[in-house]
Every structure is written in structure tokens, then in C-alpha cells.
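The two complexes that follow have chain A in common; it is paired with chain B in the first and with chain C in the second.
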Partner chain A sequence: METAKPRTLPLSKRGFNFEMIMWIFTRLTALAMYGFILAGLIGGLIVSAQTGANLADILRWAFLPNLNENPLGAYIWITILVKLMVIAFVLIVSGHGVHGVLEILDDYFAGVVARRWFRNGIIAYALVVNAIAIYVIWAS
Partner chain B sequence: MGLKRNVGLAVALRYKGKTPFWSYILHRIGGSALFTFFTIYIMALAGVDFASGILGNWLFQIFSLSFGLFHIINGLRITILDLFPNLIRRQREAIWLEWAVFLPLYGFMLFVVFRSAVGG
Partner chain C sequence: MEVTLKIFRYNPEVDKKWHYETYSIEAEETDRILDLLEKVKGHVDGTLSFRRSCAHGVCGSDALRINGRNYLACKTLVRDVGHKITVEPLLGLKVIKDLIVDMEPFFNNYKKVLPYFINESPLPADGKERLQSPEDRARFDETTKCILCAACTTSCPSYWGNESYLGPAALVTAHRFIFDSRDEAASQRLEILSETNGVARCHTIFNCTMACPRDIKITKAIGELKMAMVTGKLD
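Then we have the complex of A and B:
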């Protein structure tokens, strides 16, 4: 049976432009998010082994880290590490999401002026949201 | 100059792309749902009361989690197929595998949210 030939181009023939960089960025940020989720779950499992916590606590510590309730929050280095990890996660989510939304908007709004407004608006949104998130996470 | 495709919603929905096309549409809806969730989550973190109320609403939780979970699992499939292009010829099988992973997780998620909603 004849198999269909894959419609893919090797990297060397795709060119290295802005679109290519953003394509790689989207994939790498997605992989980074899976990595952070895995790290959060492993961290929760380590805590559970030391404290006998249940699955609900593990998931809550992994995805909604509140160091006041987490017994490992007493260690300064863990507090700083978790805050840095959550900030990195938020920045990656924000970058991935903002780029994705812009890509969708670009598909449905074809005008040059509209696209420029959306681009500027989404960059402003990202700056404001990231600033709020970093402040809240670090000050908590 | 901007690209003009002039494809209306009705025409787009009749497009015979089948499962890959519907995955593409659901992925976009899921991305938008997660973007909305992210915005409301940051607002709740910043202390906006109505944002905390929305986050606690079980209908919003089901909406965000349904599309968000699909976006996460479908995104993993896309990333794997992008990084290993030889697998693209098996993309329909990959989509069925994706649904096989999604449905049990989705069922468990619905159970947890409904149980919390009715105070269980």
C-alpha cells in the first residue's frame, strides 16, 4: 500500500524569520508549562511523603501554592524557589497565551490598522498583567 | 496589506476537515477559554472581588476546565507531531488516542466539580 508523503519541510528550507521564531517559542513554552506542572506535582509528592498529605493537598500545593499552608514554607530557600517558579510559570503562560490570542485575532481581523491596535493592546495587557502577577506572588 | 479570506462561519463549519479540523477549532476555543481564566485569575489575585466570585462559580469552572483540559492534551499532541514530523501520517490515530486520554480525565473532572457544587 502506498503511504502519503509527509508535507513537511526541513528546518533548513523553512527560513529563519519572525514567524519561525514565534512558532518555536509557542512549542517551547508549551513544553516548559508541562515541565513546570510536572515539577509542581513532584514537589507536592515530596511534601506529601514528609507530611502524609492526601491527593487533594498535593494538587493544591502543585497548582495553587500557598506557602502559609505548606509545611515546607518554613524553609526560606523553598519559599524563594517556589515564588520564582510560579513567576516563571506565569510569564511563560502569559507569553504563550498572548501570542495565541494575537494569532487568532490576526486570522479574523484582516485590516492593517486593526491588527496594529490588537498588537499594541495585547502587549500593554501582557505588561500590566505580568506586573500585577509578579507583585502579588512576590509580596504574598 | 491584510489577508482577506472571506470565509463565513457557516461555510467554515461545513468544511470537511473532520477530526483534525474540529481539534483545531476546539484548540482555539480552549486557548481563548484559558486566556479568559488567566485574566480573571490575575484579577482575583489582585483582590478584585467579582473576579473571585467568578472563579468560584461551578459553571465557570466547568467551562474553563472542559476547554482548558482539551487545549492542554491537544497541545501536547501538536507539539509531539511538530517535533517528530514522521508521525504526522498517523495524526488521526493520534487524535483518537488524545480523546481516549481526554474523556476519562474529563469525566473525573466533572465528577469532582459537581460533587463540590452540591456540597459533597
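Then we have the complex of A and C:
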């Protein structure tokens, strides 16, 4: 009888292409979103503990940080950190969402040309929207 | 008991559009839906067309949409679906006549995943079988049970939207060979599955698993294919 030998295919021989990269990306970004939400909540709780804020303030600081009203906004490093976190969150959410839309379009449009147009169009849209988002967050 | 059987009817030589016809027939709770269809065809309306062959849940010919869900007519009893029964052809495939659909697109997708054993290596020294351990055989046991009835593929919303999608049945077949330790074409099959119309079109809806008359855990099998692409591990 044949002995069981481990069978593992190298990366180049397992069909690891754009579809599969995006499949992993979508799952990892979903996890990352939970991570950011958790970080936002913990940050909000820390700030609220120091300032005796109520629940409404905690949620506002966690999800809609307005640095002008955040008591710790006076510290420059916190301002930069929050901006970077919000930018990262926006990029992850938009990447996740845009790929979701592309998945739905791919479900219904089987033509190669149509799929290429949708893919290129959505990538261009994501680049423009993300650039605007980064500008607005950084300049706020 | 009296059963009301509402059946999808369409004869392209006569009808401009499909319609339903309703039949009231006497039946037992333990009668199969296939028995009712035979009764209608044999005693009420001989023009009714449907596929059937073994009538024992093995050939997969009589997969139908019964009360909105895919079943094998030969494995479904009246008591399972109630006394008001609607029988329709499988969704997502073109209707040829009444309950008969064109299975050609289904089998074309099936053929794409190379549904046969591939091993170019020389035979063992004794010239006999390519033996396999019980553990290696068990790895793909679940997916050997597929009878190609198309109940899974035609219950999949992704397939309804796009018949180029390989579909659950083809993926189950790919699973059966990819995880077979004797087969040597796993790489080729994974390449095929990684195309846009491959496993990426599966959105883990689980309709296929619920529809399978052989109780194959299809969504789990497709998940294993996705993991094989990511990790490369076929054990």
C-alpha cells in the first residue's frame, strides 16, 4: 500500500491569482474592521475615563472623532494617530466594499469585456474617492 | 387522501407561454412524488413529460423543484411536502418540455473540471492497482457520493445569475479528484477553479448543501477547495 506522503502545491501551481488574492483580502479586511472598531471603542473608553464623559461622547470619539472636541486632541501625536487610523479604516472599508460590488457585478455579467470595464471603472472610482477621503481627513 | 398536484406545463410546439395545470388525485402519505407524476401520466394526461430512470435515488434523473425547493421526486414522499404540491422544472436551465430541462450547460461546466482520474506515472512494480490508505480514501469520500442530479447547481443563486459559473456539482467533482492522493492533476484543476467563473463565484449561501439529496456537505467541500488554493495543502 502507498504510504501517505504530504501533498503541498507551490504557489505557482495552485491557481493563486487575482480572484484568490481578493478573496483573502475581503476576509482579512472584514477582520481588520472589527479590529479598528475595537481600538476605537477602547480609545473612547480611555478618554471618557479621564474626562468623565457620557456614552454619547464615547461613541462620538470612537467612530466620529472630532479632534477639536476631543480632550486629548491637544496632544499632537494623538491627532496624527487618530488621523492615520481613520485613513486606514476608510481605505480598508472602501477596499472591502468596492470588491464586494465587483463580486456582485461579476455574478451577473459573464462577458470578458464587460467584466474588464467594470473592474477598471471600479478601481478608478476607488482611487478617486479614496484620494478625496484622505485629503478631507488629513486637512480637517 | 386527495392530493392537489399543480404541475408546470410547457410544450414549445403548441404553447406560446408556459402555464400550470392542476390535477386532483388519490394518494397515500407514503407515495412518492414520482408515483404521483406516473399516475398523472399513465391515467390522466399522457402528454406530461418528465425524466426518470432508476426511481431509487441513484441515477439523479428526476431532480425537480417541489414546493419551491429542489428534491429528487423518487425520494420525496407526499407526507414530506403536504397535500398541496407544486412541481416545476429546475431553475436556471432552459425548459425543453414540461419538467424536462436542457442539461447541456450543466454537463459542459462539469466537463471543464476534468472529471476523470489523471495519473501519468508508471503502474506499481507488480503492475496491479494504485493502492491507497483508508485515511487517504476517506479524505474525499463525501464527494464521491454525487449523482449529478443538478439539484445543487440549480438551487444556487450565483448559477441563476450566470450559467458560466462552474456551479456546485462541478466543484464537488473537482474536490473528489483534487483530494485523491493517487491523482496527479490537482494543479490543473485548481487553475481552472481559480478563474473568475470558478470558486470565487461561490458566496457560501448553503442552498446547495440543503438541496443535495445525497446529503453531501457541498459548501464545506467548496471551502476546502478555497483553502487548498490559499495554502496549497491537499492532505
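Criterion: the second predicted complex is superposed on the first by the 125 of 140 C-alpha atoms of A that agree within 3 Å, B and C clash if a C-alpha of one lies under 4 Å from a C-alpha of the other, contacts with A are read in each partner's own complex, and residues count from 1 in each chain.
Quick note on the criterion: contacts are C-beta pairs under 8 Å (C-beta built on N, C-alpha and C of every residue); 3 or more make two chains touch, one makes a residue touch a chain.
None of these values were measured; they are calculated from a predicted model.
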- Message: According to the stated criteria, A:105 is in contact with first (chain B), second (chain C), both, or neither; which is it?
- Response: neither
- Task: Classify the contacts of A:115 with the two partner chains as first (chain B alone), second (chain C alone), both, or neither.
- Result: both
- Regarding the shared-chain residue A:31, is it in contact with chain B (first), chain C (second), both, or neither? first
- Task: Considering only the touch criterion stated at the top, classify A:78 as touching first (chain B), second (chain C), both, or neither.
- Result: neither
- Once the structures are superposed on A, label A:93 by its partner contacts, choosing first (chain B), second (chain C), both or neither. first
- Would you sort A:136 into first (chain B), second (chain C), both or neither based on which partner it touches? first
- Query: Counting only touches as set out at the top, which of chain B and chain C does A:16 meet: first, second, both, neither?
  - Reply: second
- Query: After lining up the shared chain so the two structures overlap, which partner does A:41 touch, if you call chain B first and chain C second: first, second, both or neither?
  - Reply: neither
- Could you tell me which stretches of chain A are touched by chain B in one complex and by chain C in the other? 3-4, 6-8, 109-110, 115
- Message: Residue numbers of chain A touching chain B in their complex, please.
- Response: 3-4, 6-8, 27, 30-31, 34, 93-94, 97-98, 100-101, 104, 109-112, 114-115, 129, 132-133, 136-137
- Which of the residues in chain B end up touching chain A in this complex? 1-5, 28, 31-32, 34-35, 38-39, 42, 45-46, 75-76, 79, 82-83, 85-86, 88-89
- Item | chain A-touching residues of chain C, taken from the complex the two chains share | 130-133, 135-136, 158, 161-165, 181-182, 186-187, 190-198, 200-201, 203, 226, 228-235
- Note on the structure: Within their complex, chain A touches chain C through residues 1-11, 13-17, 19-20, 22-24, 103, 106-110, 115
